[in-house]
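Structures follow.
Two complexes come next, and they have one chain in common, chain A, joined by chain B in the first and chain C in the second.
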Partner chain A sequence: MKVRLKDTFENYFFILPAIVMFATFSIYPFFKVFQLSAYEWDGISSTMRFVGLANFWDIFRHNTVWWTSVWNAVYVTLLALTFQNILALLLALACDRKIRGGHVYRVIFYLPPVLSGIVVGLIWSWIYDGNYGLLNHWLKAIGLDGLTRSWLSDPKTALTSVAVIHMWKGFGWGFVILLAGLQNIPRELYEAARVDGANAWQVFKEVTIPMMIPVFILVAILTVLGTMQIFDIIISTTGGGPGYHTEVPVTRILSTMTGTSQFGYACAEGIIFGILLLLVSLFQMRIGKTFRQAP
Partner chain B sequence: MTHRKKPWILGVYLAALLAGCAQKQNSSQLTIWHWMSDREDTLQELAGRYETATGIPVRFELFAPSEAYSQKVKAAAQTNTLPDVFGVLGEKRDLASFILSGHVANIAEEINDQEGAWRKLLFEKPLLMNEFDAGNGYGVPVGTYGVPLDVMNIQFLYNKDLFRQAGLDPNKPPVTWRDFLAANAKLKEKGIQGLVSGWGEIWLIECLASNFAWNIMGQDKILATLKGKVLYTDSDWVRVLKLFQEMRDQGALAEGVVTMINKRAEQIFANGQAAFAMNGSWCVNVYHGMNPSLDYGVMLPPRVSNTYPQVIWGGAGSNFMVNAKSVRKEQAAAFLKWLTAKEQQVYLATQTRNLPSNREALVDLPPILAEFVNDMDRTVHPSLMPLAEFPLVTEAMTKGIQSILIGEKTPEELAAQVQAVKDRELEKQMAQR
Partner chain C sequence: MYSVTQYRAKRFGLKLVMQLFCAGVAATCLFPLFWMAASSLKTQETVFSDFSLLPSNPQWLNYVNAWTKGGFGVYFLNSIFYSTVVVVGIVLISSLAAYAFARLRFPGRQFFFILFLATMMIPIPGAFIALYVLLNKLGLINTHWGYILPQINGGLALSIFLLKTFFEKLPKDLEDSARIDGCTKWGIYWHLAMPLAKPAIAVVVIFNVLAVWNEYLLAMLVLTDKELMPLQRGLMVFQGAHITQYPLLMAGMTISVIPIVVVYLLMQRYIIEGITAGAIKG
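The block that comes next holds the complex of A and B.
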């Protein structure tokens, strides 16, 4: 018994660094954020003023900019959930067939996600540039001069333009996951459906979609979580402007923390944002469960 | 056998763990954190010279861009791991927080030593930005808490070639607001863009709005506004906002200026794609790097009113502070004194084309930089004001000006909105008291 206790102690001792690291960089900050959200603090001073739930109250009652930023993120997320994932699914379906150069396409489609968001943002800023941007150049070349504009500075197009960049950068993730899901569907199911006389659309509707539902849910959850936290592309293209038209929760949290030096308030924003994401994820998982249980 | 080995393994493991926590120490080495990537090579060269002269090694560590640097310094302050010398970026209230938390040493004794010999060498206003006098609103003890490495001011630049193309006299830049709009109209006729600036970085908008406000209503009324005695809905403030509306309506701004970062704005001006720019004196070095043959001049922001003098934003470009908790405080202050001495300042100015903080180093400056120097007396800076505006009010104002520039808000609407934010902040302040 004595030897076993000693062995157990030694075993725990060896995983101590991992536990210390996890506690220091994950558990402690998690609880610290909750603590700070109840204080007014500029991030430097040695003294903090306890304000209780006042930061949360202010966000719900007065901070219209915060809720605008949440809506902006929801808008980009809705676009990503539809257009980005439909594109990813179409490309995955195409690559699932034995087409020539399929491996090359996979690599190409997966390239944007591995690029830095800042770099992608800067490249697209050049494309969208109102002065000498490629997009305006192409529009002029095909006679659509009337559509040219400064895409990122025009309040009508700024957020959608940023969403397009995000979708271009993000569709590769969905593509890879959806392709893996498609390749896991037993081929016999397709063969059986064809023997029964099903056409391509019926095979897709009756075999592919039901078998892919868990994958769709996974992709949807990842898309929502990834898109709601969009940040680097915004910073490198519009900085949240013009006005507040491309502000998203993460840029608001950052500017609250560093721009106006309200660390406690920023923590409260972070908590509200985290709860929103948690609720959305739980809702999606619930929907997924319902679909899986359906006959 | 296996059990005998275990204490050994544990011993080695513990030693490795503790060794990992150990910090490499060089007792005499001074460590300095900075954010000035354009001055990195020059600062490293000066560090080498200092070591040769004194035997004290100096290590400059670059953390760029400035936003990342600012975060690093704040994080280091929270963990008490600041280097011997560092810079506090931001407003005077940020510096005050660092001082009140015990992170910045008061070097008043050194700077006033020998009848203020060091003080007399430096430009007054940039040094004032690092000083707190009796009764300051931040509660900071009287003292000097930093020294400027260089100075700067922010003005308008105009492209002389584009002026010629538009039939304008390249030696007579517009002086008044009316002249400015008229020049823009001529430039527009020739398909030349007007003013470009990095207004995606909202502090540049704040800078121009502040220039206009000083010119229209003067210091007393601005101070009264900060105190809450004059409302932002006052006609003078609305007039300030209307100037931005006029620029938009006249098409006097370059395409996309409202979300443009300053680096992009600098490229556009350096490439001759816009006739006017609003930028700091550091731009001389930037434009030289981008387009050495760019023919341009410096002009004051257009004068809107004759009632009050025109001012420009300016003061210290970069400040260095001594870590109050450093064991090498005296050596750090001595190094800063050496760094701001004439020889080093001349070297810095010639190598980096920035304005030196040492008055005696104003020799052999490029003509364009000399034009910036001529207007140093006109400089003002929010940090030199006895009061500061609430950050949320400033944000509402600058973001709101972006909304005016995109035609989303009228000046009157914005003024009311800014005042509403101000009222809320004042209420909060009252409640705290």
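The block that comes next holds the complex of A and C.
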């Protein structure tokens, strides 16, 4: 009995380092965020003023900039969900057909996702530059001088331009997952449908789409979570400007924290944002279930 | 009724359209990178006028200047250091825990494992504020460890998940015979399970190297001293101070991109396997 107890006790040493790290750098901050959100605190001074839910109340009632930033992220997310994922799906369908060089394409399409958001943002901010940018240079070359502008500092185009960078960086990741999903579909299903006389479109509608629903839901959830938390690309291109036109939740939380030193308020913003993300994911999983149950 | 020729022509046409489509997108992926590399070899004057991808008079000296005067040498070595330490930490800590979750029996095993998984699922966008407060209390702001420890923790959950799945698939007979031969648990973990887990460890290493190499937010919050900064942070500092020195900035960016592209090309099979395995199963 004593030996067994010692034996079990020894097993805990295997998970001890992980538990210690986890308790310190994940669990403690998690609860600390909730505690701080009820205080007014500048992050330095020893006195903190308890304000209850006042921070949350203020965000809901008065903080239009915060809700602008949420809307901006939603806008980029909607573009990513549609354009980025449709592009990824089309490419995946093409490469699933065993076209020549399919392997090389797979390697190339996944190259932008492995680059850092900072590098990608810096390259593209030069492409978009108003004076020396490649985009304007090409537009002039084909006679579209009227369209040239300073893409990232023009309020009309800034957010969409940033969204294009984000989609350029992200589509390859959706492509890889969708392609893996397509390759998981048993080939016999296609053959059987063909034998029954279905044309290409019918096969796609009746075989490919139903088989891919779980993968679509997964890609949709991860696209939303990833895009809503967009940050590196913003900081290396516009920094949130012009005005608040490309401000997103993470940049807001950061400037509330480091810019105006409202640590408690920033935590409240973080919690509201976290709950929003959780609700959207749950909603998407719910839709996924309904789809799977429907015949 | 289609004739065979018509059918073949249609198929050929479809393949051609798909081929052109893929090639076009691939060019869009590659062009900005080639352009970055080309610009890093131009002079301050030609960089705004010469739009060619092969500069006629390549300025290799730009790299020397970026490395020394631009500070990218320091940033580069820092990035290598951080990536190495963080990844070694993640592999050791996560493999120990994953082995216990897969093979050892103890009360609370299920509870702790689900706790780890939960952090992978629940997004806490404000957690970095509390993390900053904590690091400040511990005196770790603007230190190596302040940047390393949170990143080790950040990589644990996914790595434990990947390694546990792998350990569970290992045949138990091997371990049983090792135990009969008098091997301790630690011995089995280190001499038997770890060498067998090399393919899974490779996936863990690559994913975490990519994550650490590309990390920015934590570096911005924690590190204020240029001597401690990794490449991504260094790029933003350089860009802020010398916004117009495009060739040097592009040289710095190329320096930061080359290692990641090399690792990616060598290991892309593992990377693509890793994402698809993680995504489809998880």
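By our rule, the second predicted complex is superposed on the first by the 295 of 295 C-alpha atoms of A that agree within 3 Å, B and C clash if a C-alpha of one lies under 4 Å from a C-alpha of the other, contacts with A are read in each partner's own complex, and residues count from 1 in each chain.
As a convention for this text, contacts are C-beta pairs under 8 Å (C-beta built on N, C-alpha and C of every residue); 3 or more make two chains touch, one makes a residue touch a chain.
Keep in mind that this is a model prediction, so the values were computed, not measured.
A.B. asks: Under the superposition described at the top, does placing chain B and chain C together on chain A give a clash or a fit?
C.D. replies: Chain B and chain C clash in the superposed model.
A.B. asks: Based on the superposed arrangement, let me know which partner A:Gly241 touches: chain B (first), chain C (second), both, or neither?
C.D. replies: first
A.B. asks: Touch test for A:Ser255: chain B only (first), chain C only (second), both, or neither?
C.D. replies: first
A.B. asks: Which partner does A:Ile123 reach: the first (chain B), the second (chain C), both, or neither?
C.D. replies: A:Ile123 sits against chain C, while chain B stays out of touch.
A.B. asks: Looking only at chain A, is it chain B or chain C that touches more of its residues?
C.D. replies: C
A.B. asks: Quick one: classify A:Gly43 as touching chain B (first), chain C (second), both or neither.
C.D. replies: Both chain B and chain C are touched by A:Gly43.
A.B. asks: Have a look at where A:Ser69 lands relative to chain B and chain C in the superposition and call it first, second, both or neither.
C.D. replies: After superposition on chain A, A:Ser69 lies in contact with neither partner.
A.B. asks: Quick one: classify A:Ile19 as touching chain B (first), chain C (second), both or neither.
C.D. replies: In the superposition, A:Ile19 contacts chain C only.
A.B. asks: With both complexes superposed on chain A, which partner does A:Ala180 reach: first (chain B), second (chain C), both or neither?
C.D. replies: second
A.B. asks: For A:Asp154, using the defined touch cut-off, is the partner it touches chain B, chain C, both, or neither? Pick first, second, both or neither.
C.D. replies: first
A.B. asks: Can you tell me which of the listed chain C stretches (97-105, 133-141, 151-159 or 205-213) runs into chain B once everything is aligned on A?
C.D. replies: The answer is stretch 133-141.
A.B. asks: Taking the stated contact definition, name every residue in chain A that is touched by chain B in one complex and by chain C in the other, in rising order.
C.D. replies: 10, 14, 17, 43, 132, 258
A.B. asks: Which of the residues in chain B end up touching chain A in this complex?
C.D. replies: 6, 10, 13, 17, 67, 70-71, 74, 77-78, 90, 93-94, 97-98, 100-103, 193, 200-202, 254-261, 264, 268, 273, 391-392, 395, 399-400, 402-403, 405-406, 408-409, 424, 432
A.B. asks: What does chain A use to touch chain C in their complex?
C.D. replies: 8, 10-12, 14-15, 17-19, 21-22, 24-26, 28-30, 32-33, 36-37, 43, 87, 90-91, 94-95, 97, 99-101, 104-112, 114-120, 122-124, 126-127, 132, 134, 137, 168, 172-173, 176-177, 180-181, 184, 215, 218, 222, 225, 229, 231-232, 235-236, 249-250, 253, 257-258, 263, 266-267, 269-271, 273-274, 277-278
A.B. asks: State the interface residues of chain C toward chain A in the complex, per the touch definition above.
C.D. replies: 15, 18-19, 21-22, 25-26, 28-30, 32-33, 35-36, 39, 48, 51, 92-94, 96-97, 99-101, 104-107, 112, 115-116, 119, 122-134, 136, 149-150, 152-154, 156, 160, 185, 189, 210, 213-214, 216-217, 220-221, 232, 235-236, 239, 246, 249, 253, 256-257, 260-261, 264-265, 268, 271-272, 275-276, 279-280
A.B. asks: Okay, in this complex, where on chain A does chain B touch?
C.D. replies: Per the stated touch rule, the residues are 10, 13-14, 17, 42-46, 49, 62, 125, 129-132, 150, 152-155, 158, 237-239, 241-244, 255, 258-262.
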